[in-house]
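Both complexes below contain chain A, partnered by chain B and then by chain C.
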Partner chain A sequence: MVKLIARTPLDGLTPVTIGTVTVTEVTLDPMTMIAPFKNQLAKVDALLKAGDGVGFPAPNRMESSDGVRILWAGQGRALLIGADAPAGLRGLAALTDQADASACAQISGAGAVDALARLVPVDLRLSHFPVGQTARTFVNHMAASVTRTAPDAFEVMVMRSMGQTLIHELTEAMTNIAARNA
Partner chain B sequence: MRVAGKGLLTGAAPVSFTFDGTSYQGLQGDTLASALLANDVRLMGRSFKYHRPRGVLTAGSEEPSALVRVGKGSQAVPNVRATQQEIFDGIDAASQNRWPNLKYDVLSVNDLISPFLSAGFYYKTFMWPRAFWEGLYEPFIRRAAGLGALSGESNAEPYEKAFAFCDVLVIGSGPAGLMAALTAARGGADVILADEDSRMGGRLLAETEAVDGKPAAHWTADILNELKGMPNVRLMNRTTVTGAYDHGTFGALERVGLHGPADGPRECFWRIVARGAVLAAGALERPIAFPDNDRPGIMTAGAVRAYLNRWGVSPGREVTIFGNNDDAHRTARDLADAGVRVAGLIDSRADAKVTGDFPVFTGGKIIATRGRLGLENITVEHEGGTRIIRTDCLAMSGGWNPSVHLTCHMNGRPEWKPEIASFIPRPGAIPGMVVAGSAQGIFSTSGCLADGIRAAGKVLQSLGMKAPTIELPTAEDQTYALEPLWVVEGKGRKWLDFQNDVTVRDIRLAAQENFRSVEHMKRYTTQGMATDQGKNSNVAALALLADATGRGIPETGTTTFRPPYVPVSIAAMGAGGQGMGFAPQRFTTSHQASHERGAPMIEAGYWYRPSYFPRPGEKTWLDSCNREVNMVRASVGVCDVSTLGKIDIQGHDAATFLDFVYSNTFSTLPVGRVRYGLMLREDGHVMDDGTTARLGDNHYVMTTTTAAAGLVMRHLDFVAQVLRPELDVQIVSVTEQWAQFSVAGPKSRDLVNAMLDNHVDDASFPYMACGSVNVSGVPGRLFRISFSGEQAYEIAVPARFGGSLYRLMTAQAESMGGGPYGMEALNVLRIEKGFITHAEIHGRTTAFDIGMDRMVSLKKDCIGQTASRREGLLEDTREQLVGLRPIAAEAKLTAGAHLFDKEAEAIRVNDQGYVTSVCYSPTLKTNLGLAFLKRGRARHGEVIRLVDHLRKIETLCEVCDPVFLDPEGERLRG
Partner chain C sequence: MRITCPLCGTRDRREFTWQGDALAIHRPARDAGPEAWDNYIHLRENPAGKTRDLWYHDPCGTWAVAERDTVTHAVHSTTLVTEVPR
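Entry: the complex of A and B
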């Protein structure tokens, strides 16, 4: 039987290194949007903790445990990454497969925060945007999710179809930063 | 000339540069102005209106006269202030607004006829004949007047925008700014210190004085070193804060690549968000309006000191000084100390106390100057008589104006302070910002240092932080004494606004013609309307207006300073939008495959969709389109429809929610079935249409049109959060999760089955069925829906498999006599079938108009239902959707054309409707159109005249049903 071949959203576009900053693709599989129904948040939170070791995240926060992460994704919704949603959640929350919906890049290295400061209108100072902080914001003209995963590393998620533009924007910002530092 | 041993550039590397084709030498650290003055070049430009020879007036960003073009061709930057442009090896600068050259400028004839060109001249003169204005007068005036010109070419150099955040933004790095930054930084705040100069220090670099027992420049360097070493401080030189906005947001323009030949961005436009700010922008010296005060060689006294003390350049060999205050005396002393001949110090005050080894004229005034291309001599009238003094540089000072500009950006009005004859900021004009130093009207160095500490302390306190104890460095603490002197009467023009060529006479004329309001005066004379925003002329102009109208200065008031503080290039503000940065590009998973087939792309929203798939021998798009239409009607076609919005709707109240947002009913839709839905706006007009499938009891997936996907998502969120918050429903976009392909044509089932692990047939999967399927081992979804009128399916797989599935299906389709089809064919297929798109539901049409009023269910409430019942929206006389067929099959139909009765004149009052969509139908071998026609549904069979006034087309058409093909839907059901 014919088999369909999978391609990642940023296939062939990464890695990119300019100066001290590197962009690599992050695969998000599985990734499920969890949107608890009315009055089910506490139950959802408890089931998540029991199942995957991460609770339903507070606004603008990411929780992680043993390779499983859960990312706040807007009011009353979160993205569970790296593990399937516990079976008990069905009926308590809307579960939507989003593993193919986003293009996600990690941008890291000295100057990564400066490159993002060209594109993201959010205060990314470590004191205000510590590791584990996430924001639904913009990357230039694109709606994006930006998360700090290390003092000098971020994950940037945009719509899958905009992956090429994401790399274009990041590359341009990195080029400008490198030219300033030259 | 360069003065040996003076200035801060001692030991700097030499730099070669070019001005107007001549090569010169300067030093690293020179501005174009200081380097030209060092080479004894005084003539740098021609004035805006009269083409008067002009030199440099200032040493900062406020420069009105020495504007040059830097670079060539598409890379050229016009209107660069020579006082800000740093020189670098190879820089090529040129003067502007002159022809054929700077010394011999033909349009300086304007200067000879200047008596006719005073304020209001254009308004009065070029009024008639009216038609002449646009064709003749305006182009001529525009050519004659003006600054530098753009190249007319697009430039490829990158520009940047960036965001920064801090606790305290300090604007200006003079004595007040440095102390404010130091205080805030030692207090633990995150500090940004921004200064527009390449080198920080402000006036401390331009004066010969000591701070804390050290030369001011050394002390400055020490403080900057300390700041540089602190992790909570960011020094931003070459950065002009251009505007103050709400919520502590400031705009700032950084000159990045413009000071060197390096790659990288030319400029960066910053948005700085600060919890608090200290404005230490200093003060700007004002000229005095005496006769012919604009000759090259005449500049402000503070600028002369800056050129001497910072750049080691004396702008003249025999310098005279003219002032109304003690500060001007420093210029004479510094020059004399440096060994430059001071030909005379003229102080307008009879009681001025001056000591120095140079001629002094108290109670003196300059009543005339001479020298066409550069100052040669001045005539001084003083207590002892009248005398002509030979001089090639005149340093003038009418006092200092605090730089209040930023404090006015949120509508603050400055206050008049008579002791210094200047405006100072009104406290609290910008929330969170404290003004310090000479921007506050404090003019001694000691006072500025102390005020910087005070201001930063105040800001820290407002942020809940403790101000550290900072020792005040010792410094000069002289009083600033002046006696206002706005104008010296005499023969000759007394220039106020050097950039827009406005004189004292123009201001008086404005007052005489009753433009008494300062805002009216400004617009009548254009004073302050040049790119320097009147920084050099504003206070003097309104003092003169006050005098001419018999009022005081405070009553006369000021005009409004608006952002930006200095000109900002559009390229910098629009950075990030250059080239492909203009908008995101959205690519489908099949993009590469379509691209390889040579399909031209059309943009729909941000999506790139294939227009058609050319094959060898096909000469036009229509050839390909016709083939693709025939292919779908005869066998099978594949089209990527992933761009349509897909919205997952889940929850106990999902059905109720859909009944509320759709005009028709979805709660009755069985699981495993799809229904077409129509969505109305609150006003009863159609918002969007699409199909919604029921995947489970509490689970639907809605599709929207590509164009309205974002709009509908936003609408649903609004409804769920605001209108029906009691409903338990969750809405998630899955547009990007699924790659979805339409498979259409009589052989569509065969092709679909070639992909499915378990085959479908007509009985188990009839028209409008949906369900989960396995697509070559991958869990997917199948929908039996059609936008072509053929038997058709839409097959969806997770996006990672989209490219692969598309390639497989198109290859299989080709083996069956089918293949891919593009947007053009898709459009023809849907017009043949009478299906609507946003060409028809364009925002002004109702369900009634498109013939779907029966879809507005009255058995339940829905958004737009009540409004759609309004009187007038259900009238038979409304324009209704119809089909059009030309009487002669090949006759042209055009979208946008209007419809008229056969015999009626084609004028507005006879308008019967308009055409929305047209195509050539290869199936019916005729052109076809969809149109809205008054009482259209009752006029099938009638002949109507299509008139396209723009394209000059007239076609007789038969009105018919909009469904041209298979009205019974037999092909659909297969």
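Entry: the complex of A and C
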């Protein structure tokens, strides 16, 4: 039988360091989209808290506990990362395996926020966009999920097919910022 | 122009897609008769001033009704479609 070698979405494209800013790949496995059915949000929230230690997140928020994260992903949807969805959720929410669907890059270091601010039409200053804040927005023309994981680090998630474009956009912005600071 | 997504907050207009008159969410009953259905499908106001229309926030998938002014481009309010009385 043919042996296939699994490749991560950003395989061969990262890491990239330009100036003080670095881009690395973040692998998201397992990752499940959870969309509670009508009137089931409270039950879904309680089961998630009991099973994985994180509740269903409020809009624009990420919750994390012990390596498990849950990310708001649009109206009525959240992405559970790093743990399987509790079995009891079946019948209360639509569950979709998304582990291979996205490409995710971490951009970090002094000036990461300046590079990202060139691409994302959201106020990313720490006072307005604190750690744990997430936004469904654009990276240039591409729909993306942008989350602050530390004062100088963000995770940017796009559709897997857009991974190469994401790295291209980020490196271009990083190059511009580095040239400006030189 | 900036529009407030009821969930994400105020965002640039480029994040939204215009989806037509908010009348679209007030569908007549099946047996409302040809005149009501004709109005619903074909007839739209074209106001210079206050208007209500549907906007889709592309990156988050939220539908909202915006009350805005076509003359001044002011956006007065936005409401989740799911919270509009129907």
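Details
In this text, the second predicted complex is superposed on the first by the 179 of 182 C-alpha atoms of A that agree within 3 Å, B and C clash if a C-alpha of one lies under 4 Å from a C-alpha of the other, contacts with A are read in each partner's own complex, and residues count from 1 in each chain.
Rule of thumb we're sticking to: contacts are C-beta pairs under 8 Å (C-beta built on N, C-alpha and C of every residue); 3 or more make two chains touch, one makes a residue touch a chain.
The structure presented is a predicted model; accordingly, all values stated were derived computationally and were not measured.
When the two complexes are superposed, the chain touching more residues of chain A, out of chain B and chain C, is B. Of the two partner chains, neither chain B nor chain C is touched by A:A153.
Once the two complexes are laid over each other on the shared chain, residue contacts for A:T96 go to chain B alone; chain C is not touched. Touch criterion met: A:N176 reaches chain B, while chain C stays clear of it. By the document's definition of touching, of the two partners only chain B reaches A:M162; chain C does not.
Residue contacts after overlaying the shared chain place A:F37 against chain B, while chain C stays out of touching range. In the overlay built on the shared chain, the residue A:P121 is in contact with chain B and with chain C. In the overlay built on the shared chain, the residue A:A6 is in contact with chain B alone; chain C does not reach it. Taken together, the two structures place residues 77, 121-122 of chain A in contact with chain B in one case and with chain C in the other. Chain A meets chain B in the complex at residues 1-9, 33, 35, 37-38, 76-77, 93-94, 96-102, 117-125, 127-128, 140-142, 158-165, 168-169, 172-173, 175-176, 178-180, 182. Listed in rising order, the residues of chain B touching chain A in the complex are 158, 160-165, 190, 256-257, 262-265, 271, 273, 576-577, 580-581, 583-589, 606-607, 648, 650-652, 728, 730, 732-738, 755, 757, 775-778, 797-801, 803-805, 808.
Looking at the complex, you find that chain C touches chain A at residues 7-9, 11-12, 14-15, 57-62, 80. Within the complex formed with chain C, the chain A residues making contact are 59-60, 74-75, 77, 121-122, 135-138, 143-145.
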